[in-house]
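Got some structures for you, see below.
Below are two complexes that have subunit A in common, paired first with subunit B and then with subunit C.
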Partner chain A sequence: MTAWLTLVALGVLASLAGALWRVWRGPDPADRMMAAQLVGTGGVALLVLLAPPQDWAALDVALALALLAALAAVGFVKARSPDGAGDPEEAPPPADLARRGDDG
Partner chain B sequence: MVEPLLLFDALLGLAIAALAVAVLTVHDRFAMIVLFIVFGLMSALAWVRLSAPDVALAEAAIGTGLTGALLLTTLHHIRAAPAAPVPVPGGVVVANLGLCALIFGGLAFAFLLTPLQAPGLAPAVAQNMAASGVGHPVTAVLLNFRAYDTLMEVVVLLAAIVAVWMVERGTVQAPAPVLGEIYRGFSRLALPAIVVIGSYLLWVGAQAPGGAFQGGAVLAAVGLLLLLGRLYRPQPAHRPFARAGFVLGTAVFAGVALLVAGGGRLPFEYPAAHAKTLILLIEGMVTISIAVTLAALFHGREPEAVPVSEKSE
Partner chain C sequence: MADLAANLATLLLTALGLLFFVAGTVGLIRFPDTFSRLHALTKADNLGLGFIALGVAFQAESWAQVARIALIWALALLAAGAVAQLVARAALARREAP
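Moving on to the complex of A and B:
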């Protein structure tokens, strides 16, 4: 059973090579960030697959990774949008909307 | 047939080395940051393979999560275009190469001289586990056998935030953003889970991989999410609470040591009956300090009301 899990982990790791290529070549920042998120998801899968043959504590690492890998995406989206609101495709907010947000 | 795990390790090592080269050679600053995040993630996998899940936890929380968000926010604040690379004089390159070769040679020398099956300090730790008050060797070493080193590490974090607050001050003047549905949904899902997992890591540290640093790093993500969404905005009036949070861990850690030393023992020679209670007390307070300090480092400035003309931005 663990031999099968190891083989599957090997396959997942090989598939991550594609994501690494995309992180390296880009060309857009969004391409790189989405690929990094894919590596995060693949990393969680790898940790779950490694837990039975290696160490069940890998599940805790997978938990932490699953929760925190998305933080970079949040930081990315906020940095890319004009008012930091989280939607890179939106126009800058009208003045009255910006004022209304001030007291919130 | 090749052992699949060996192949896995070889691939993983290759990927990490390739990522390290890519981080250093790529010219786009954003690409550099994303590659560094992925590098941290792959190192976390490598630490699990090296049977060091404690380090993997810290690497996953800090290297992948916090550092990534911190670097991206920093990049957002750097307005200046990257300067054209200055050509490095040949002498400097040669000197650097020489130093690198020296370090590499020293490491290779140390590695080759170390006997392969040396027991190290593991038997000594295993022998004294019963007296440590906890069931996980790493926690026993960090909080009991070598507690003085850990105290100094907590002081390093304290020194870092003191330095940051001395360098940069001011409050965020920008209006709070109108949060999108997706971000609000993400926070609603992630925040409670982060609190639960962070506390779980702190508690489980006594028996299994985890502990104050890992739990604190995960809990710091709560602060990051609140700051990123400006759900919480640091105010000058909040500084006393923040200062209390920064000092709490160091104070309790040192206080316990002094108290134990006052009873005619060595500073970290906890009475066996109370060892676990004392260790958990220290770890709990240190966790709070680490979480508050890391979140404050992410914010990066002392929230002080500064006239607009004095602002450095």
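Moving on to the complex of A and C:
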């Protein structure tokens, strides 16, 4: 069973490589952020997979990583748009925001 | 006998989880448009991680570990949903989507 879980962990690691390729290639910054989110989730899956064979304390690390991955994305959204386009309570972003050519 | 069933369940569920994970990542790579990639990504997040977590839960020695695994999955689920909305909105503000 340990061998199988380690094998699946290797598979998740391979899919992380694909996500990192998207980080490198992604034309739009949102693509890069999505890939970073997948890397975060992949890390959580990796830790959960390695908990039984190695040490069950890895579960707490996975919990912390899952939280940080979410906060990273929030940081990305807040930093990206000048008036915080991610805020639901804010007014919708001005129509020409996209064409103003802010730093993408 | 119970141990065999637990191992078998873990085997199948983690395989299924890995399948979804790889499918989501391939989708993230192959899809042409930002929003379709986002679609693939959230599938990988929730289903892949969910099945892997479920598979590992069968190996847990105590109920506390099962609870922690469920907590991790619930947090990942909520995070992925919220993040997908935020990233999509940021991408939409960046340029008008088709």
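The definition used in the following text is that the second predicted complex is superposed on the first by the 84 of 104 C-alpha atoms of A that agree within 3 Å, B and C clash if a C-alpha of one lies under 4 Å from a C-alpha of the other, contacts with A are read in each partner's own complex, and residues count from 1 in each chain.
Everything that follows uses one rule, which is that a residue touches a chain if its C-beta (ideal position, glycine included) is under 8 Å from a C-beta of that chain, and two chains touch if they have at least 3 such contacts.
These numbers were taken from a predicted model, which means no experiment stands behind them.
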Fit or clash between subunit C and subunit B when superposed on subunit A: fit
Contacts of A:Val61 with subunit B and subunit C, given as first, second, both or neither: first
Which superposed partner A:Ala70 touches (first subunit B, second subunit C, both, neither): both
Which superposed partner A:Pro29 touches (first subunit B, second subunit C, both, neither): both
Partner chain(s) touched by A:Trp21 [first = subunit B, second = subunit C, both, neither]: second
Partner chain(s) touched by A:Leu13 [first = subunit B, second = subunit C, both, neither]: first
Partner chain(s) touched by A:Ala3 [first = subunit B, second = subunit C, both, neither]: first
Which superposed partner A:Pro52 touches (first subunit B, second subunit C, both, neither): second
Partner chain(s) touched by A:Val39 [first = subunit B, second = subunit C, both, neither]: first
Superposed arrangement (fit on chain A Cα atoms) - minimum subunit B/subunit C Cα distance in Å: 5
Footprint overlap on subunit A, where subunit B in one structure and subunit C in the other make contact: 14, 16, 29, 33, 35, 60, 63, 67, 69-70, 74, 76-77, 85-86, 93, 97-99, 104
Partner subunit B, residues of subunit A touching it in the complex: 3, 6-7, 9-10, 13-14, 16-17, 20, 23-24, 26, 29, 32-33, 35-36, 39-40, 43, 46-47, 50, 53-55, 57-58, 60-61, 63-65, 67-72, 74-79, 83-87, 93, 97-102, 104
Residues on subunit B engaged by subunit A in the complex (per definition of touch): 4-5, 7-8, 11-12, 15, 18-19, 22, 26, 28, 30-31, 34-35, 37-38, 41-42, 44-45, 48-49, 51, 53, 56-57, 60-61, 64-66, 68-70, 72-73, 75-76, 174-180, 182-183, 186, 190, 193-194, 197, 201, 204, 208-210, 214, 218, 221, 224-225, 228-230
Residues of subunit C defined as touching subunit A within the complex: 7, 10-11, 14-15, 17-18, 21-22, 24-26, 28-29, 34, 37-38, 41, 44-45, 48-49, 52-53, 56, 59-61, 65, 68-69, 71-72, 75-76, 78-80, 82-83, 86-96
Subunit C-facing residues of subunit A, complex: 1, 4-5, 8, 11-12, 14-16, 18-19, 21-22, 28-31, 33-35, 37-38, 41-42, 44-45, 48-49, 51-52, 56, 59-60, 62-63, 66-67, 69-70, 73-74, 76-77, 80-81, 85-86, 93, 97-99, 104
